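For reference, the structure is listed below as structure tokens.
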Amino acid sequence: MDNMEISKEIQRISGVNPRKCMRCGKCSGTCPAYDQMEYHPHQFVNLALSGKIDKLMESKSIYTCLSCFACVERCPRGVEPANIIEAVRLWKIRQQNQNHLVADQIPAMLDEEIPQQALVSAFRKYKK
Amino acid sequence: MQVEEKEFKPTIVAFCCNWCSYAGADLSGTNRLQYPANVKIIRIPCSCRLNPMFILRAFQRGADGVILCGCHPGDCHYTTGNYYARRRMTLLFSMLDFLGIEKERTRVEWVSAAEGQKFAETMNDFVATVTKLGENHRLEDLRCKKQ
Amino acid sequence: MQRIGVFVCHCGTNIAATVDVKKVAETLLQEPGVVYATDYQYMCSEAGQNMIKDAIKAQNLTGVVICSCSPRMHEATFRKAVAAVGMNPYMLEVANIREQCSWIHKNIEEATEKAIILGRAAVAKVHLNAPLIAGQTPVTKRALVIGGGIAGIQCALDIADAGYQVDIVEKEPTVGGKMTKIDKTFPTLDCSSCILTPKMVDVAQNENIKIYSYSEVESVKGFVGNFTVGIKRKARYVKEDICTGCGLCTEKCPQKKVPNDYNLGLDTKRAIYIPFAQAVPKVATIDADYCTMLKTGKCGVCSKICTAGAIDYTQQDEHLEEQYGAIVVATGYNPIKLDAFDEFAYSQSPDVVTSLEFERLMSASGPNGGHLVRPSDHKEPKTIVFVQCVGSRSTVECGKPYCSKICCMYTCKHAMLCREKYPDTEVYVFYIDVRTPGKNYDEFYRRAVEEYDVHYIKGMVGKVCPEGDKLKVQASDLLTNEQLHIDADMVVLAAAIEADKSARPLATLLTASMDTNDFFTEAHAKLRPVESPTAGVFLAGCAQGPKDIPETVTQAGACASKVIGLLAKDHLVGNPCVAHSDEMMCNGCSTCANVCPYGAITYETKDFSRRKDGTLMRRVASVNPAVCQGCGCCTVACPSGAMDLYGFSTKQIMSEVDAICK
Amino acid sequence: MVYSYYPGCTLKSKAVDLDMGARKAAEALGITMVEIPEWQCCGGVYPMAKDEVATKLSSVRALEYAKEQGQDLLTLCSACHHVLKRVNNDMANDAEIRDKVNRYMALEEPYAGETKVIHYLEMLRDVVGFDKIKEAVKNPLTDRKIGAFYGCLLLRPSKTMQFDNPENPSIIEDFITALGATPVKYPLRNECCGGYITMENKDLAKAKVANIVNSAKDAGCDALITACPLCMYNLTQNNDAADLPVYYFTELLCEALGIGKED
Amino acid sequence: MQEAMIARAKELLADGSVSRVMGWKKGEFSYDISPAVFENADQLVDFVYDDFCGANVSKYLINESKKEGKILAFLKPCDSYSFAQLLKEHRIDREKVYVIGIPSYGKADINKIRAKGIDGVLGIKSEGTDFIVDTIYGEEKIAKFEAMSERCLTCKSKKHVDVDEMMGEEGEWNAESKRFDKVAELEAMTPDERFEFWRGELSRCIRCNACRNVCPACTCVSCVFDNPNSDINNKAAASSFEENMFHIIRAFHVAGRCTDCGECSRVCPQNIPLHLLNRKFIKDINELYGQYQAGANADEKYPMVNFTFDDCEPGIVYKRGGNQ
């Protein structure tokens, strides 16, 4: 699949039309994980539109999004950048052997107090 | 043997008030918004000029659907015309339904001069609805004895 | 039998590319009564019009059908053309084969067939057309301007200058509008009051202008040239003609805790007040919501100290009716409420202000005498962040989808003024785009950046957090690709502007149409930008859409010229397409009069005794053609069909139906 | 008032305090919470993708159960509330998802988002009423300065969640006031604590927590309360200074109502 | 009753307060009764009032009130509604009519009597819950509910509007009337069933115009179907427009003005239940725009010349009533 086709798939999975974006950057102004990201929310939207998904998929940024929905809440054009990021992440992990998290890693991450919610969420988000 | 089915193209009469909906229809033209050629528009000064007789006449002469477009309630160029039209059409449509005539063949839609998009969408939708219903026989058959 | 000529227009390729115009002409020539049919490149051109005129003469035509663009476009043109050679203009019909045919269809065969059918319907109608002669109505030579801001003031002055009387209805106690609240104006940085006040004085002194301040329009009846407008003069509890405007009462009133709307609530005023020093009329007004006397019956201080005896606590709202020939809508704008934009902490910190509030903070007539300090602690702000497009260009529920147009320039002005008056202040402007179309506008913006060192940052503020005495601003800088964290002292929000809330109900009174954003629509977006589609109603200023002062003044002037053009006429030629009743068939049942919105139908009892059936006197309806506007509501209400409409008769419409359904 | 109650996994283990407090307080306030039998894990995160159907089924089962009972569905954990509410919104408004889910579930009567999902706090505000709670308080928490930590999941996206003003919420502050304590508004109370990332990226989570805790302390908070087990974990375990106690809001509710832990 | 009415009429003629009397007289048969004007006391020998006097006399007063002198009219409750509606439409000069209200307890339907096998009818009288029918074969007894006309069984009001004097007892408005039951029954059918029902009925119409001629709301000086400018005035038979649309247009023209007197169905020689069309409009008006009874209130605007800003949209028809 070429990049533009993937871009269309991303738009389908996310249900987001990135053409609605007017490039104001409010999503990136709002993002609490901005400094830890290589690509920022507004770039996700733009790169999804221009078909440069491969760059995004290789970036750690897709696992840095906190799903806090601040960008979704504040976008003046109703673009929903978080949905795009999730779609790119899904596109990646739905491929073979691309799970970001495997069960073997888990024990090392645990501590006494960690709620299972954190485990479930992590698996749901980062693993096929 | 090959049977050639001719595609059914309903005849649709659209009555548009001069001030809002006719202008809205013009706007959808100006914006090149497509809708089927079966829709033919008749200009009337106001939706309240639409006599129920015109609708019945159209049906009797072979129309498959009739739609009335007027200014939105509250925006009538003549202040109150569309309020009367609204009552008249509600009762007329209800009566046609009562007689067993497909109620989807008649419709009222409020379209402002700025709603070219809505006009085209409405017409596309209405044509699709009437096409699905097929030809309009019932009103004609109403006074004919059962076969 | 009519002799009908059919003229099919190519409209360049607009029609001819999709409709086989030759075939349309040939086919329509076969219609009964059609004796001549032709096609031509541009029927509306002089050559095209001459072609029609020549054919009428040569062929002795009695009726004409033009297949062309929408009748809303050129019906008047063609009617004039046929009238020039002696044909009654109402013997012409236009088949709309451009907007409603060639432009919306792609298939040539289908479009051609439809064009023929539309032409046939027009031919069928012309067969039943009859010559109509329009009646005349006199014009009331006085204009009403609704709204006394700069748009209304300019428009009123221009109309008055031409020698016509103008009344201004302003809902506030003074004229002047938003411009009185503005400190300086871009791009010249003139003092707003200095250029506005003389105009307000002119309005007050002009003999042709009457100001109804603190008043509202309650009802509108009639039609172009003959409006009857009901005006409510709200009780201000001060006799306007007696008050000298000395202002003593506004100093002595013991009720001091009244939010001062002139300063947008940034400070307080007394319960009796004159909005500001240059107010016109300079008359005190009592705010009934706060006045102790009006609420409890105890106080009366203002009345005791008023030497002129102008105070009248018993004053009631006054209702009057006036006649006008034309109405100008200049109801203006307001910044939107920012409740739904709490990410900018507008409701959480007094130091987050709207641009209009900032205007007051900067103004010499403002709460701090023009010394810019923070509302919270009255300290001079050292870092100010301006946020553009707050609520503008926003498609989510709380926002406005349009560009508010003025924010880029006034923000630039604010930033520049801050840097000029307080050079040690850091000023940031967050923008999505900087829009500066206008004479000397972009130069102005560049000066702010280059000479005044305002930090323009392409990006948007995501969140403002009041923390301690700082406002923590988190924003994006899209060009450096980083997230910025600025500790600001003040944040100024360029709130979107919206049409004044009084506009929507007014539009209903005027039966003038509005767009989905509650701005009045113009009769034609390009060619009739200051007229509303309702004849006799004109538009000036932000009521029609966001615009800045120069543009508003320009539009107000244009509007005035249209009004003058109307008032200069002694008579208006009416619409001959009016209702008429056949008295031989009329029952006199009053159904038609019950639905007539204009009261155009009256009854008289007539003697019909010459008829054989023995009926003697009968009550029958008659229509006043000068009052009837031709909606046709009565024709449907009439059960006997005695009522009919010229130009859109039952028979004519039926014949169109028949032609289309054939 | 009787509710179908959806506790969620964490409330059965790490967040027992949140659950028990809620049950006892409800009883005291005349609210009956009937735990949905055989409820399944909601998944902890709302599946945003349009083509995710299987991951929404467990939520729909709970929602459908409540519909059958003719009861509103009561939630307590912020994450579960978020997931259930948004899945319910999809079932009501997204025809494609609704059709797919219904075909999969093969219910007698298709489910179309009929159930009302209500959070315990909304129930306290809209059904019981904070003024009623104020009357029921036996041990007013006088002189305690408490900050509300909302986090993300209850508030955003506000179009669907309809919980409170997403940028300047007040429901928990009103709740604190009702208990007799002093609510302290601090700016970062609706900021993300980094909960979802806590397994992956401790540093980021710690940085986010530090900001929030500092913001709260600067504003004068003695303690924070939350409705989210993940926030609770994060604010306590990832706050290296461990200098700000965090409670579940139901713990304070019980304390104020005079319900002991052993009751 | 009849004798008392004649006596009162004679009194009024004698003292000059009226110069004519509007009533009923027998036709060729005893059940064939038609409205009649009596010019003097002598003519009153032909005056009848019995259980066959169903005809609504109000329409005749339009022309009668245009003549010299005052006329006495005996009005049944349903006639009085028609009369009041005509007053509202300025069709009758109230000053020229002296109205005496007379009660009506339900008129007999000759077709129903015949259907019971009773022939050779000579007269009728009321006895409790029965009609006693006098025939050439002797007296026959028939229960009223079996012989009463449909409209009387579903009578809406036994109370008059606008009378100068009452003879007999004044009745009450009957809120319990089941007059819309048949309409509701039809509404509950599928469109196909409704269509078949109406096709079965309307296909029998012979366009005799009896319904129009008797209707007290159809009082146009010239009917739209006779108006050359309406373009629908052709009288040709079969599938022409007028033929198909006549009943719809007629019902529409009287909508909001029809008092539901039921004369249209009474006179129809083909027994088409035309009143159901009018009742459909009345039912719709009541449900959509609020209760309204034509003729009941002289000052109230009738529904077709009235509106509210938040009236329902015509699209409501797609949603309400009737099966799909």
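Descriptive notes on the structure:
Order of writing sets the chain letters: A, B, C, D and E. Residues in each chain are counted from 1.
Throughout what follows, contacts are C-beta pairs under 8 Å (C-beta built on N, C-alpha and C of every residue); 3 or more make two chains touch, one makes a residue touch a chain.
Since the model is a prediction, treat every value here as computed from it, not as a measurement.
Listed by label, the chains that touch chain C and also chain D are A. Farthest chain from chain E (centres taken as the mean of C-alpha atoms): A.
Computed centre separation for the pair chain A/chain B is 48 angstrom, with centres defined by C-alpha atoms.
Computed centre separation for the pair chain A/chain E is 76 angstrom, with centres defined by C-alpha atoms.
Chain E has its Cα centroid 68 Å from the Cα centroid of chain D. Centroids built from CA atoms put chain E at 54 Å from chain C. Shared interface positions of chain D, i.e. residues touching 2 or more other chains, are given as 166-167. In chain C, the positions touching at least two other chains are 343, 595, 637, 650, 654. Under the contact definition stated at the top, the residues of chain A that touch 2 or more other chains are 70, 73. By the contact rule set out at the top, the touching chain pairs are A-C, A-D, B-C, B-E, C-D, C-E. Across the interface of their complex, chain A is touched by residues 8-10, 13-15, 41, 43-45, 47-52, 55, 77, 79, 152, 155-158, 166-167, 191-192, 194-201, 204, 208, 229-230, 232-233, 236-237 of chain D. By the touch criterion given at the top, residues 70-72, 96, 98-101, 103-107, 110-111, 113-114, 117-118, 121, 507-508, 511, 513-516, 521, 533-534, 577, 595, 597, 629-633, 635-637, 645, 648, 650, 653-654, 656-658, 660-662 of chain C touch chain B in their complex.
Across the interface of their complex, chain B is touched by residues 183, 186-187, 191-200, 202-203, 205, 230, 232, 239, 241, 243-245, 248-249, 251-252, 255, 277, 280-281, 284-285, 288-289, 303-309, 311-318, 321-322 of chain E. For chain A in complex with chain D, the touching residues are 12-15, 32-33, 36, 63-64, 66-70, 72-73, 82-83, 86-87, 90, 101, 109, 111, 113-122, 124-126.
The touching residues of chain A, when paired with chain C in their complex, are 20, 22-31, 34-35, 40, 42, 70, 73-78.
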